[in-house]
Amino acid sequence: MGAEVTRLREQVATLHGELVRYGLVAWTAGNVSARVPGVDLMVIKPSGVSYDDLRPDNMIVCDLDGAVVEGDLSPSSDTAAHAYVYRAMPEVGGVVHTHSSYATAWAACGESIPCHLTAQADEFGGEIPVGPFALIGGDDIGKGIVATLSGHRSPAVLMRNHGVFTIGKDARAAVKAAVMCEDVARTAHLARTLGRPVPMAREDIDSLYDRYQNVYGQPGVSSAAP
Amino acid sequence: MGAEVTRLREQVATLHGELVRYGLVAWTAGNVSARVPGVDLMVIKPSGVSYDDLRPDNMIVCDLDGAVVEGDLSPSSDTAAHAYVYRAMPEVGGVVHTHSSYATAWAACGESIPCHLTAQADEFGGEIPVGPFALIGGDDIGKGIVATLSGHRSPAVLMRNHGVFTIGKDARAAVKAAVMCEDVARTAHLARTLGRPVPMAREDIDSLYDRYQNVYGQPGVSSAAP
Amino acid sequence: MGAEVTRLREQVATLHGELVRYGLVAWTAGNVSARVPGVDLMVIKPSGVSYDDLRPDNMIVCDLDGAVVEGDLSPSSDTAAHAYVYRAMPEVGGVVHTHSSYATAWAACGESIPCHLTAQADEFGGEIPVGPFALIGGDDIGKGIVATLSGHRSPAVLMRNHGVFTIGKDARAAVKAAVMCEDVARTAHLARTLGRPVPMAREDIDSLYDRYQNVYGQPGVSSAAP
Amino acid sequence: MGAEVTRLREQVATLHGELVRYGLVAWTAGNVSARVPGVDLMVIKPSGVSYDDLRPDNMIVCDLDGAVVEGDLSPSSDTAAHAYVYRAMPEVGGVVHTHSSYATAWAACGESIPCHLTAQADEFGGEIPVGPFALIGGDDIGKGIVATLSGHRSPAVLMRNHGVFTIGKDARAAVKAAVMCEDVARTAHLARTLGRPVPMAREDIDSLYDRYQNVYGQPGVSSAAP
């Protein structure tokens, strides 16, 4: 397990760089975690630490109740939400949270993002749903994420008045979902302010989703969310 | 032919960096290809590989039916569309596909971009047209591109609910068309949301297009699309 | 005191890089200052100098009337405003001024930014207020900042037709407030142009603000504005 | 004169990097020139060359009719416009042309940018005016620039359906005007799409302009446009 934790500390520290690269985060307001396979542990960002200062050795290892197992710093203030998702959704191996601007604008309006793009059909299988408003500090955010995403194709939820949570089979898949969520949220916003987006047929969305989850990418390297 | 393939592997790998630099692509969602002159082959991006990891030696060489001739990875999932264009349009030496945000917003609305800018008249000769909705997986996308661009001045087509395909005499010209397409799509969106764009006279558009295709740039270094 | 001034020269020079990184400033149009604790001095950017050329040794040390104490260059043309704030608000240790685009658009419309986001509740405790129009050259800008922010939770004020001033317990906290102000101003603009942002309950805003100011981040490393 | 040309080749090559840094140009669509003081010569970008490849030794020296005096490449296709400005406005030492997105959106609508920002009052002294539509290839663009900017405070003109031309006492001042023009064009667009920008009083605009042109920056280092 030690080698796996070492690998995940490095992966989680590095993946935060993708949030920065794609402009999904300001200051310290976003975080990535990974489940440690086979044990009830997760690796997560420390709270309030600059992305420039993230390194494998300052990542925090917590149990799935959010208690720190390894690490000198406090874990992300969103740890309880990540932990709840791992407890409730055993197929999830990675969780990401951001306040990326366009997706959060949809969240502020309490509107799900309708599917007008083949890229959205591919990755999200249709609309990106809105979850409930929930206060930080207990299990409410986690419950809202799980209630919205359970049985839904989308690996992303827009938590109302808050921001985005994404899930994936591993942390890299969850980060990809966060990047693609902002990308389709931006295009959908630009289309809405431009004119009348053309609806897509349900069977076309289904066909695209099915193909993307099963065919895209290199053999044996699934890009699919759980 | 070996030296030409070596040169094009390097050019195609490098040109993907321009898609990243101009913000036209998220994650792995865009691709560049080049025809190998004089033979029925093309060089194209591997599928689902990060732009950071593209190198001349992992580019894929395919025949013009999309079958892999050289390369250990699967080619881009858009290979069939690129291949169809090369088969149908012998004057085309490069093809680019992106989901760049502003251009794709026009595509989501099924609206061609009207010509209100001298830069658009120069590069596109008028409006940038919308192509049909088409599912990935067969020749439908390729057919839609060719049907829209054949006999049209524009080297770019906005495939409905999908994104942009551009063509050029070589891969660099197609990348340039993709960059300029997003640039004029953004300005046209900003003009539409600001006020009432002023129409341009057809003869002014014609005059600008004619001059740009024949005079601009250095002698002997044509910037024109086919 | 010499060691403290040396430390603050370095901190203030470096923090300007955050304004550049987050795209809050064009050319030379934004500035950071820090109070020197325990004495009536401040460290501030020189006027009209490129961000590339800022170094600890060309920062300017002024007294709290804005008179230069150390430095060969003229201090920022906004020095009088910074100085007024330090004189009137003893709890303030850092001041930042920018014309960041989205926040300044709200300022141009003379509209405060309503609170539709948990991130805004956390950092600003509710709306980000508008201050009066004031001409540069005397104490009018400083008076407008102090009149607006005294007794207000927000560490940011949108000065009408002008731009943003933020305060903090130190320069880093004021820079953080400037970064977060633009981030929430952008999301609020995108939400407004998208649809109808959902109001947040006053008690939820209060609860979020209270928690963030007292719990977030690492123990002993307060992120709160004064 | 040789030393001055050497200095200006370096300055003009370097200043193009500012157009790239501030996102004012796509591909090769913008250019900077500088008058060689005391002689009827100018230094300008070569046509159709990538910004990455600009170096002091491939800048072009032209006379003020646009004929090449030194250089192996063709000069910018906008050379005639730059040259006309230098012939007609002896106080101008630098000219810049871009298609920066927000400013060009105003140009596409044929609308001048009203002055709702102190930063615009400082740099432009009021509205940024629209110039006529003009075809490239003769003196029409130059005439339109000169007719619009002669006797106007603004160092920037929005050429209808085209883009921005700026002037300055030297090339650096003209580049600054191009950067600030896009900055205020963006904020003005965001304010217009947000709500109702508050008008500024004419005497406040005058007061700000007068102060900025005479007081701002370091003594002896005027930031003013001519």
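As written, the chain order gives the labels A, B, C and D, with residue 1 at the start of each chain.
Everything below uses one rule, namely that a contact is a pair of C-beta atoms (placed from the backbone, for glycine too) under 8 Å apart; a residue touches a chain by one contact, two chains touch by 3 or more.
The structure presented is a predicted model; accordingly, all values stated were derived computationally and were not measured.
Chemist: What is the chain whose Cα centroid lies farthest from the Cα centroid of chain B?
Modeler: The chain farthest from chain B, judged by C-alpha centres, is C.
Chemist: Validating interface symmetry: for the copies chain B and chain D, is the fraction of residue numbers used by both over half? Same or different.
Modeler: Shared-number fraction below one half, so different.
Chemist: Distance-wise, how many Å sit between the C-alpha centres of chain B and chain C, to the nearest whole number?
Modeler: Distance between chain centres: 44 Å.
Chemist: I'd like to verify one number: the distance from the centre of chain A to the centre of chain B, where each centre is the average of its C-alpha atoms, in whole angstrom.
Modeler: Taking the mean C-alpha position of each chain, the two centres sit 31 Å apart.
Chemist: If I count partner chains per residue in chain D, which residues reach a count of at least 2?
Modeler: 193
Chemist: Thinking of each chain as a vertex joined to the chains it touches, would you call that graph a line, ring, star, complete, or other?
Modeler: Ring.
Chemist: What chain pairs are in touch here?
Modeler: So the chains that touch one another pair up as A-B, A-C, B-D, C-D.
Chemist: Spell out the part of chain A that touches chain C in their complex, as residue ranges.
Modeler: 26-27, 29, 46-49, 73-74, 77, 99, 101-102, 104-106, 108-111, 133, 135-137, 160-163, 189, 192-193
Chemist: Show which residues of chain A lie in contact with chain B when the two form their complex.
Modeler: Chain A reaches chain B through residues 22, 116-119, 176, 179-180, 182-183, 186-188, 190-191, 193-198, 200, 204, 207-208, 211, 215-219, 221, 223.
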